[in-house]
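A, B, C and D are the chain letters, set down in written order, and residue numbers restart from 1 in every chain.
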């Protein structure tokens, strides 16, 4: 039910309940908790200020109920709560009987019956990712002193991809380039075209998917727990729990299927006494353990399932066809909002693995 | 350290130690354990009989030390052991100092020092997958009475892909078609070309990667554990622990990045009182819960990292360049051998999720 | 970090922080949650109204932040929070350097340093048991429909013991008899003498210990998880986590050391088609599994460590002797307040084991 | 299903199956594993050589299948197997229908049906403790370099108790005194009387119980995991999983019920710069954390349930009374055999807690 081994994350609340929140256990006593920085990560996740996103307005101010005193963790569970302010339940009533295509409505009804309120997605809502960002942002307090830095960014939206050249830059440059666009894409040429792609989808009552890439620099070599918690497994487990993520790949990823071993194998060399590899097709992970090279992963985010276009569905009670027009306020593309979620959740996973390996 | 929640799998042994084995806990007392069927699954994993694979010969006869009596589980841990017969340590000595590119050697040395014997990959070897097949094959005894059927097959090797048409067939047809080729590909046209691709790689002292697809039919709707064990997360966790797997996708997978919501959303309809979807871009999973449609996942298997060609590496002790020629006996393509591993490990994961959800 | 397998309990907050609370996961969707009954159990734990107890006044009103809608669980985590109202930190300042004998102060400083605020015991305070009562009271909603009933009561305080005769009565009679005294003892003769014992200790600036017994009726046979979660292990794990509990015994308990097998073994017989035993020296558990007879356990509660009398301690910073006079407001005997904690925590443990065994 | 957090122990096999064994995970790579010392601990558990015990003869030679090379752990799971040699199933047939009083037969039938072979107790047999001794003996390899030493001994059998004076000695003296008697009691006066007590019980076709005490010296202060793995909880969980153990107490234990706080509180003082307490009523644990003083725990072992005397039982199939005469070979008192189990299992628990706390 929880995520993590040495760190444990539990999410609570629901999209249209009074709050969403998270309990984070295992942060060692005395770890600095930079609450303004945590709040900034939560702001990155908000749609506010994005012309492109949902009209639902939430302040997403975090309230710490437990576990932090004087800017440091006490060693007990850290509980963060965000009030849901802009809650409107009415638009979701119909969905109790007519499941939205592409959404959890149908299987959730089968499994949990009507006890579970699915307004706004209930516990399946993207709003639950508030807790993922919160936990990861706190966990970064464990990574920063070791020089470990992370960045996620939008790699593609619909048919528009960032160019390899634009992405082949140091993390600090990528960070500022990504921050300069509304879609968190570090390619200044592709960014505006991505925005057009999203606006076109919105105008057509439709939505569009994309790919988020995350990188982590300066993770020491040897991190990961062979059978059964290799780095890829643990990261995939976490990132695929983000709503709408449907796949993940590391390094060369699916391209490895077409590669020869002589091409995919990253040759070792020594530079300044440090072991490095000339390429990084492994994405910084060999045999489930980090190599000391940057960790590189990519996830695919499916197009938002809630769209304005009429869709073919059914009445569950009558077992009969129904045309469905989804009301409510929805993002035509959640890829940019997934960026800080992927980044901070990756931080959480790495901090947990570093703790397990005795690195922290 | 273990895999699973209600079922628990632990692997032990090492590639060139006396045995490899597995402990499987949580199989309810009285579950039928069809040992000949388990042995057949292990045979599928063997290179024996494949002209294309490693020359290492292992009988892979399973010995049950505990947990099965009279063809049924006792409720205690089931321990299966396979003796390693064809063990040759000599070829691996050099690797203690000169890590093989693409292999776990380097990070494992950093993490575990020289205490861990890495002959033949040690605990990172593909030979450890014996235990995965064993556990999954036993777990199928929980699925079969519910009509749940699984099949994995080779979807592509190098540049050769099975055609969509050849794969758009019922599982029983796919199974016999896949069994008819040495590469476990159900496309009779692509299979021979895949074999050529592998032989070409071998002749050139190289290796080649590919893609394995797995499907599971008749899994009931609602299976999966929201936050944090959705079906995709749990399957990804398990399958990415298979050596050489570097990515996973569900349903439309990475193609979803380029799709519109109106296209990706699978429309609901009712047939014979049963809720179905017209397409299956979701791969049988929405909101982390099964939909009742077939589960479809694909994993990418990187080209075997042990290749005959000379490679650029380093001496760890001298921090100096070394050319490495890997000796030992290796598969030029492990994709076909990964097929029964993916299939049986998927069975293990589904049985565990079904137990968690109270379905079994 | 959490308690439980299928149910998971996490406590948060601290004695003199803004709140104490608990997260309870695993309550199946649709389980009735009787909030007034939960609140009543919390009231039983309060010192308010007891002439004998601490002067600290807390309302202990529970606020549900998540997981309950319309009197039923949603299937998500249930979060309950109680505000700390009567917080006074000043009395505890001195303790940062001079540890109280019999209290966690010293080892907590060694382990967690000064990052952990130990005011009022911090996370080691008896106040954290609010969360235990809350979780157990919610879990009773799973037990009641199966006729399972629980009762804890005070068995002894100091030298005063309830008589066997007074305790050899049906649970409903014991319950009302226990409710009739301030010390929760069902023996109307012993109760007043216990109160005298406590008042004597208080007058002398001292404290006194005692024994709490808990019984559970109508738990079905077969509950428990052999290696390593037998009923005794799991109950002991939970109950020994209650501050001040230093031992536990089941059935005949430590008296078994002096018994012969022919005396301790409970003879089987059949009554009304049901298997019973003539005695219950096993305390309702054989081989770690319930027998269907009442579960009977006893825990010893040490005398409150915070006493008014001057005590011999040390200054940690100066490594020199210090006389310590503990200020603050403390119970001279916490045995009666431990009663609802033991009772509800036992309910939590049994509900978890019943879920694990597929009984619920 | 497993025991432990950072260390994980799984037991497999059964009393009258081909083997009993254990899987021990989490021993860091490179830890010395002194196999002769492990074997010696297993010999301590054997009845062989004890005139007083069962006639069943087992060599109990441990075979390591995995995880140890060249006297050190590899970091992978350590699997130890002991063959069952002297297996006789016939005596147990009758028990399938007529449960032995005081034994797991009845609840195990209710829970697991007839799939579970209960010959010789099956997985509930004392023979499973082979794995506990094995795991603990290996775990001692983690404790010894830190000077942590452990000893368990017989404190009482039936009505015969060791004197306080005889037990108030350094651990090394206690160890040699205990080794000098067949009953592992360090009191040279009480030992022979305990043997008489056991022989009297045997002659009468009966059995007798007793108390085992365990002490651990030089465990550093601060070990334990507040909510929910305090030292008492974790030790109790483990030790109550030993068949026949029905209670546990720490330090003053149940005597604390009659004590005043001023008496029970252990006064702090400083000696040689080290913080100590004048008494040790806490048994080395305050607030669930170790104090640096010796850990002291006592468990009660009930009289062996399998006795020669005729007993009142029932036929489960006929729901009718049956007189039962238990055949097979049984110890009239298992207290001395429980001694090395308690001692080594305590070592396992402490090693696990030390690992969790980052002490190792």
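FYI, a contact is a pair of C-beta atoms (placed from the backbone, for glycine too) under 8 Å apart; a residue touches a chain by one contact, two chains touch by 3 or more.
Keep in mind that this is a model prediction, so the values were computed, not measured.
Between chain B and chain D, the least number of touch steps comes to 1.
Across the assembly, the mean Cα position most removed from that of chain B is the one of C. Averaging C-alpha coordinates per chain places the centre of chain A 26 Å away from that of chain B.
Chain B and chain C have Cα centroids separated by 47 Å. A straight line joining the Cα centres of chain A and chain C is 41 Å long. Touching two or more other chains at once are residues 1-2, 10-11, 76, 112, 123, 227 of chain A.
Interface residues of chain B facing chain D in the complex, by the touch rule stated above, are 1-2, 8, 10-14, 17-19, 21, 23, 25-26, 29-30, 65-67, 69, 72-79, 81, 112-113, 115-117, 122-123. Looking at the complex, you find that chain D touches chain C at residues 1-3, 9-11, 99-108, 110-112, 123-124, 128, 156-159, 201, 206-211, 220-230, 232-234, 236-238, 240-241, 243, 245-254, 256-270, 273, 275, 277-278, 281-283, 286-292, 300-307, 309, 311-314, 316, 319-321, 357.
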